[in-house]
Amino acid sequence: MSEHIAPTRTPAFEARLKKRYAAEKRFKAIGLSAIVFSIAVLIYLLGSMTLNGIGGFQRAEVEVQIDFTQAGLSADPALMGTQEGVRSLESQGLPDVVDYFASESLGDEGAEEISGQAWRQVAAEIAADPGILERQATFWLPASADLASGYAGEGSQDMRELAAQLASEGKLEKNFDAGFFSRADATNPQEVGIWGALMGSILTMIVTLALAFPIGVLAALYLEEYAPKNKWTDLIELSINNLAAVPSIIFGLLGLAVFLTIFPSYRSAPLIGGMTLALMTMPVIVIAGRNAIKAVPPSIRDGALAIGASPVQVVFHHVLPLALPGILTGTIIGMARALGETAPLLMIGMRAFVASPPDSFTAPATVLPMQIFLWSDEIDRGFVERTSAAIIVLLLFLLLMNGLAIYLRNKFEKTW
Amino acid sequence: MTVVHENLENTDAKMSARDVSVFYGDKKAIDNVSIDIPTEYVTAFIGPSGCGKSTFLRSLNRMNDTIPSARVEGTIMLDGEDIHSPSLDVVQLRARVGMVFQKPNPFPKSIYENIAYGPKIHGLAEGKDELDAVVEKSLRRAGLWEEVKDRLQDSGTALSGGQQQRLCIARAIAVDPEVILMDEPCSALDPIATAKIEELIDELNGRYAIVIVTHSMQQAARVSQRTAFFHLGKMVEYGRTSDIFTNPIEQRTQDYITGRYG
Amino acid sequence: ACGGNDAGGGAARDQIKAVGSSTVYPFAKAVSETFARSNPDFKSPIIESTGTGGGMKLFCAGIGPETPDISGASRRMKASEFADCQANGVTDIIEIQVGLDGIALASAQGGITMNLTPKMVYEALAASPYGGEQTNETWSDVDPSLPNQPILVYGPPSTSGTRDALKELILEAGCKSNEDMSALKESDEDRYDQICTEVRSDGRYVDQGEQDNLIVQKIEGNPNAVGIFGYSYLEENADKVQGLNMNGVAPTYENIASFEYPGARPLFIYVKKAHLDAIPGLKEFLGQWTQMWDRDGELAKIGLVANPEDVRERALSAATNYDTLDGSEL
Amino acid sequence: MSLTILLLLALGLGLAGWLAARARAWTFRRASPDGRLASLPTYHAWYVALWIVLPVLIFIAAWGAIAPGLVTQSVLSSPAADQLPAFGFQRQTILNEARAVATGAAQGVFNPLAREFVEPYREAISRYNWIGIITTLLIAFLGGVYSFLRLKPDFAARNRVEKIVMAILLAASLVAILTTLGIFVSLVFETIRFFGMVSPIDFLFGTHWGPDPMANPDNPDASRYGAVPLFWGTLFIGAIIAMIVAIPLGLMSAVYLTQYANPRVRAWVKPALEILAGVPTVVYGYFAALTIAPAIRDFAISIGISNASSESALAAGLIMGVMIIPFVSSMADDSIAAVPQAMRDGSLAMGATTNETIRRVLIPAALPGIVAGIMLAISRAIGETMIVVMAASTAANLSANPLDRMTTVTVQIVKMLTGEGSFDHPATLSAFALGFVLFLVTLGLNFIALRVVKRFREAYE
Amino acid sequence: MTVVHENLENTDAKMSARDVSVFYGDKKAIDNVSIDIPTEYVTAFIGPSGCGKSTFLRSLNRMNDTIPSARVEGTIMLDGEDIHSPSLDVVQLRARVGMVFQKPNPFPKSIYENIAYGPKIHGLAEGKDELDAVVEKSLRRAGLWEEVKDRLQDSGTALSGGQQQRLCIARAIAVDPEVILMDEPCSALDPIATAKIEELIDELNGRYAIVIVTHSMQQAARVSQRTAFFHLGKMVEYGRTSDIFTNPIEQRTQDYITGRYG
C-alpha cells in the first residue's frame, strides 16, 4: 500500500490544483462582475432618469399681485367650488382682472407670457377662500410654455432675455408643481399632469388582475393537480407556454379583432385594455403558479387526504395557501410587464388624448407608458422633463408593486 | 404460499384482504396477499426495504389512488364492505381508516388548526366549544396535551420531531377513525421520541385497530401482538409476534430475523 | 355604463371621438382642450392618434355611437375609402381643410448648409434616379455646387403622411423635371411611380419611425446629417436646427403659406354629418376649430401653417353650413 | 339595465336558496343519530345555490343575446314600420337610435324617423323585461325546488359541488386554448387576404422589403414584400445579439447568486435585477438611441470603420440584452436552486471545485429551466419594438454586419398598422401576415422546447 | 467517556479524530468524539436515528463545509496531517477521501461520463484511451462492468437503484481515493441489490480504508470488522464488531443491540 502513491497526491496534481483554483477565482469574478454590471446599468438608468426627471416635477411660475379691492368681484359662497361659481367669476371678468394685474406686475411683455388658463387657478383659490376678494393677494401662476423654455435657457432670444429679466426681479421661479399629480394630459407642458394616466393604469391593472389572477390560478391548479396526462393537457400546456412567448403586439391584434368587435363602443377603455393585457399576463401566472404548486411537498397532500379531505378540499385548504407566495411572485412579474406595455394598447385605442382622468372602467383612458410615449414625441420642448418625470412615476409604481410582492412573499411564506 | 401460524385466536377481522395484488405500471409490487387485521391487536408489518410494506398499507385506505400508475387487484373489506365498491366513498373510507406517515407531516397551520381540520371538514363538531373539546381530547389521547396546551396557536411545524409525529397521530384520532395505519412512524425520530410514540401505541391499542410498518424488528417486538413478514412483494409468514420472533417457520423469516439480510 | 346592453349596439355616447393622423393630432388636442375648457357642460373630446389609414377605417366602419365622429387626415380621403364609407352607411361626410403642414429640410445649427432644389433632393435620395443606378455618395456627386460631404438624410417612414408629402411635393417634382419621366408617366404609371418615388435603402436615407423629435436629436448630434420633418419641429427647435433653402427659399412660415417653399400639404378633418345632432357638442366643437385656425391662433403656435385666405373661406363654410363631400371630386 | 336587474335577481335567489338549504341540512343533522351527514351543510347550501344560479345565468346569457332581436321583431310589427327604408344598414341604424332614446341612453336622434319608434321600443322593452324577469323567477324556482327536494341526510352534495368546481377549473385552463385560437382567427383571415394579393413565395423568400402604403393597392409590387430581411433582423437583433448579452450575464448572475452570494445579498439583488425587466422600453429606447448608438458609431469610426452609422443592430441588441437579463437570471436561478442538493454534494464529494460543479453538473441538470427562461427572453426580445425603432431604425437590411441598420418584424407590424395607409392595402395587411408567421414560429419553437424539456426530464427522474 | 475495547490490534490509523465536536448553529450534534480509522478494516458506525453518524462522517471529508451553519471543533488527521490545515487543500482532501451517499445520486449524464467525471476534473487521465481504461477498471472493481459495458452511453439515471449505487461507488473509486465513506449506502435498495453492494465492500476491503454508516445492525455485523456505536451525539463504544455485538460493555449499547430502542 505505502509504495503506491495515489495520483491525487502527486506534485502534478497539486500544480493542476493551482490552475483549477485560478479558474475558480476567475469564474467567481465573472459571476460577480455580471451582477455588478447589471446592477450598474440599473443604477445608471434610474439615476439618469431621476436627474432628468426631477425638473419635471416643477414648473416655471410667475408672481402676480392682484388687488381685489379694486377689482370689484363678488363671490356667492353657495356657488363656490362648482362649475357655476367659476363661470360667474369668468362673467364678472376675472380673466381680464388677472391680465390687468399681470401687466401691472410683469409689464406687458411679461403678461403675455402667463398661461392663458392661469385665471382658473385664481378662481380656484377664490373658491377655497372667498375672503381673498376683500384684500390684495399674491399668486404664483404658471408661465407660458415659451417663457418656461426661455427660463431653461432654450427657445428664442427674446424669451431668454425676458425670462432672465423676470427671474432677476424674483418674479419668475421654478416651483414644485403639486398639480402634476392631480391633473391629466394637456397640450401645454406647463399644465399637464400625470393623474389621468396613472388612474388609467390603475383601472387597467385592476381589470387585468381581476381576470388574469383567478383564471391563471385556477388553470394552474387544474393542470398541476388534476389534469390527466394526455394529448389535451399537452395541448393546453403548449398553448400556455406559447402565449407567454407570443409578442405582445399580437395580443393587441387579438384585442382589436375580438374584444373591439364585441364591444365596439369601449375603444380606449381600461376595460378592453385590461382584458387584452389579462390574456397576456395569464400565462405568466399559470407558469409561475404551476412551479409554486409543484413545490408544495406531497406529504402535505397525503396528510390531508389521509384524514378524509376530498381532492378539492386538499387543494383549496392546503395546496393553494402554501403555493400563494410563489403565485404572487409570478403575478407581480406578469403585472409589472403589463404595466409597462404599450404595443398592444396602441391597437385598441389607448393612444388617445384624454384631458380628464377616467372615472370608470369604460371611460376612455390612457396609461402611463403610453403617456410617456406620447409625451416623448411632443413638439414642445417643455415635455422632455415632463416625460422623465412620468417615467419616474411609472418606476415608482413598479417599485411599489415589486415591494408589495416581496412583502407578500415574506408574509405568506411558510416553512415545512 | 403464506404461512399462517395456526395457534391464532379466532378474532373478528376489522379489515380483511383477499388475494390483493398491487401493480405500479407493469411491475407487481404486492403479489396475492391475504390477511385479516383484528381489532384487538396491534399488527406489525416487517420485512426488508422495498418488499412492499408501504404499498400494501397504502392500499388499505386507498392512498394508492393518488399514484397514477398504481393499480390494486383483489378485494379489501372494511367491516365486511368492499372498500372499492362505489357505495363506499373514498373520502369516508379515509376518515374511517386513518394514516400516519413516516415523516411527520403536520400542516403548516397552528396546532389547534391541525387537529381541528378533520372534525371541521367532516362536520364532527358544532360550534367552537365542541371543537375545543375534540381538540383537547385528541391531544390528550396522543399524550401531547400537557406539552402544548399553552401554545395551541403556535405553528405545528414548530414542534420537535417526536411532538410533530404525536400531533399527526392526534390529528388522525380527531376524526375518530376505526383503524389507524402507521408507516414507519418512528424512523425519523430520536430514541426518546420513539419511546413516547410506542407508549402511545400501547395506550391506543384496543380502542382502534392499529397496523404499524417498521423496519426495526425490535420495535415490532415491543409494540405488536401480531406480525406479518413481507419479502419481495409476498407475505411470507403471519402469526403472533412472539412466535414469529422465536419460532419462525419459514427459512426466509428466520434468515431475516437473525440478520442474514435486510 | 352598463356592460350588458352593448351587444345590442344601442349604447349611446356623450363624448366626441376623433381619430386619425398623427400630424393633425397636436392641433386636434389643442382644439379639444380649449373646447373642454370653454364648454364645461360637455365632456372633453377623446382624440386618438391612429394614423390616417387606421382613422379612415374606423371612421368608415359605420355610423352610430361606437364609431368616431371625426377623422383627421394628413392627405385627402381616397376614393376607395369614400366608397367604403358609402357602403357602410356613412353617406354624408363633411370635409374641412384645417390648415397646412410644411415639410422642411434642416440641419443642425452650425452644420451643413446647402441651397437645394427638388431635383437635387430627388437625385440624392432616389433608389434609382431616372431609372439608372444610384451612385451618389456625397452631395457634391449630385451637384458640384453642393458641399463635398456624405449624404445622410433622416426622414419619415414610408407609412407616414410626411413621407407621402415628401414624395409628392419634392421627389416627384424633381423627377418630373426630366422630360423622359413626364413621358413615362403617361405610358407606364407604375414604372413612373417606382422610379420617381422610391427612396434609396442603402443607409443614406434613414427612416426614423414616426419620431420627429428623435430626428431632431439625431441631426443635432451629427453636423453632416440632414433631417426631413414637419415644419413645426423646425420652428420649435429653431435654436438647435436650421432650415435648408429650397429653390433659394428658406422654410419660413410665410414661404410655406405662400407655397413658395415646396412641401406644404393640406391637413383635413372629416366629420359625419349624421352625428352632428346626436353627439352632444359636436357642432360647437367644429366651431372651436374655426376659431383656432387663424394665422395668429393656436394652429400657428404649434407650428402648423394657416390656410390661404380662399381655402379658409371654403373651410369655414363647410364647418358652419355642413356641406357634404362629393365623392366624384376625389 | 334589465340584465343587471336579472343578474342581481339571480344572485339574490341564489342566496335565498343557499340559506334555505343550509337550514334544512342542519335539521337533518340534528335529527340524525350520530350527528353525521354525508356532506357538510354548507355543501348542501352550495348545491342548491348553484342549481339556482347556474341555469339562471345560462338563461340570462341566452336572453341577453336574443331579447334585443325579439324586441326589434315586435317593434317592426308596429304600424310605423312601413315607413322604414328597405333592408340594410340604414334601417338598423334608425332602430338603434330609437332604442337608445327609449332606454334613456341618448337624448336626441339624428334621424327624425327614429322618433316614431321610441314609443314602440319603450313598450316592447318593458314587456320583454317582464318576460325575462318572470322566466328568471320560474327557472330559479324550478332549479331550487328540484335541488331542494333532493337534499337528504345521505345525499352526497359535496361530490356534486366539487364536480362543478372541477368544471370551472377545466374551463379556466381552456381559456389558454381559446386565446390561442382567438389569435389564430384574428390573424388568419387578413393573412389570407394578403396572400391573395402577394404570393406567399414572394413574401417568405423575397429579400427586399419596402412596401409603399400610398401606392395603388390593386396592383401591388410583390417584389417589395420580401420579408426575409425582417426575419433576419429579428433573429439577428433579438435572438443573436441580445442573447449574446443576456445569456452570459443572466446565467452568470444566477450562478453567482445561487452558489456564491450570501443569502441576504441574494434576497435584495434578485428583485433588483427584476426591475430591469420592468423599466419601460421607451426609456431603454432613448438610452440606446442617444447614448449607446452614438458611442458605438464613434468607436467604430475610431477603429477605422468610416461609414459606421449612428443606428445599428448592435446598439438595439445590446440594450435589449440588458433588458432581458432578469428573464434569464430569474428562471435560471430558480432552476439551479431546484437541482437536488444530492447532485451538488455528489460532485463536491468527488473533489470538484464549485465552478466545476456548476458548469458540469448543475447547469446541465438545470437545463430545462434555463432553456425555458431563455425561450421567454427570446420571445420578449422578438416582440420588442420601441428599442429597435429608436436605435436600429426601420430600414430593412439583409446584412450580417452588426453596425448596419436593421429592423424587426414587430416594428413593421406596428408601423404598418399605425401608419397613414388605408386598411385594404396590402402594405397594411402585410402586418397580419407578419404577425401570423411570427405566431407560427413561436408556436413551433415552443413545441420543440416542450419536447426537449420533457425528454430531458424523463431521463433525469 | 467512550468505551474503547482493549483487545484491538495496534494498527496504523489512516484517519484519526481527536475530541471532535460538531455544531449546527448552537446545537451540538457531535460531542467530543475521538476515533482511529484503520486502513485494513471496514469500520461501521451504528446508532439510533439522529445520533450524529452522518454528521461525523461528513466531517471526515469536510462535506460539512457546505452547510453554512455547521462548525467543526477538534482535530481530524489524514495520514497524520490535519485536514483543516491550510496546507491540505479541501479539493485534494475530498479526492483522497471519497464518499457514497444514502440515496444513489448519479449525475444526469451518461454512465461513461459519470465515471470519467472525477478523473477529468482532476486531470488524472490523459487522452481518450487512458480515460477508457480508468472507466473500465473502476466499473470492474465496482462489479458493474459486465452489466453496463454495452450501454456506457446510456444515462446513469436509467439504471436500477442498486446499479446506480454501484455506479456511485465506481465513480468514487475512479479517482483512486484512500478512504471511502459510505452513508447508509443500501438504505434505498432492495435486498438483492444490498447483497451485491455488501459483496463489493468485502472486495474493496483492504485496498481502501472504508467507513460505513448503517442503521441495520445485521448489515454492520455482515460487512464490518470494527464497529462504533453512537448515541445522542456521543460515541459510546468502539471495538471489534464481533465483540460489540456479543459482548457490549456499555448498558446503552446492549440495550440498542437487543432492540430496547432504535
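Going in written order, the chains are labelled A, B, C, D and E, and every chain counts its residues from 1.
Basically, a residue touches a chain if its C-beta (ideal position, glycine included) is under 8 Å from a C-beta of that chain, and two chains touch if they have at least 3 such contacts.
These figures come from a predicted structure and were not determined experimentally.
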If a chain touches subunit D and subunit E alike, it appears here: A, B
Co-neighbours of subunit B and subunit A - touch as defined: D, E
Reaching subunit D from subunit A through chains that touch each other, fewest steps: 1
Central subunit by CA centre of mass proxy: D
From subunit D, the most remote chain by mean C-alpha position: E
Maximum centroid distance from subunit B, chain identifier (CA atoms): C
Whole-Å separation of chain centres (CA-atom averages), subunit B against subunit C: 83
Inter-chain centre distance, subunit B versus subunit E - centres from mean C-alpha coordinates, in Å: 34
Centre-to-centre distance between subunit D and subunit B (centres being mean Cα positions), rounded to whole Å: 49
Averaged-CA centre spacing for the pair subunit D and subunit C, given as whole angstrom: 34
Subunit B residues counted as touching two or more neighbouring chains: 91-92, 121-122
Of all residues in subunit A, the ones touching two or more other chains: 8, 20-21, 310, 351, 376
Contacts with 2+ other chains: residues of subunit C: 7, 9, 11, 50, 65, 210-211
Chains touching one another, given as label pairs in label order: A-B, A-C, A-D, A-E, B-D, B-E, C-D, D-E
Complex interface listing, subunit A residues touching subunit C: 83, 86-87, 117, 120, 154-156, 186-187, 262-268, 271, 349, 351-356, 360, 362, 364, 374, 376-381
Subunit B-facing residues of subunit D, complex: 29, 35-38, 40-41, 156, 158-159
In the complex, subunit E residues that touch subunit B: 48-51, 186-191, 194-195, 215-219, 221-222, 231-232, 258-262
Contact set on subunit C toward subunit D in their complex: 2, 4-5, 7-12, 21, 50-54, 56-57, 62-65, 74-75, 78, 80-81, 84, 88-89, 150, 152, 157-161, 163-164, 167, 190, 193-194, 197-198, 201, 203, 206-211, 214, 217-218, 221-222, 274-278, 280
Sites on subunit E touched by subunit A in the complex: 39, 89, 91-92, 95-96, 121-124, 175-178
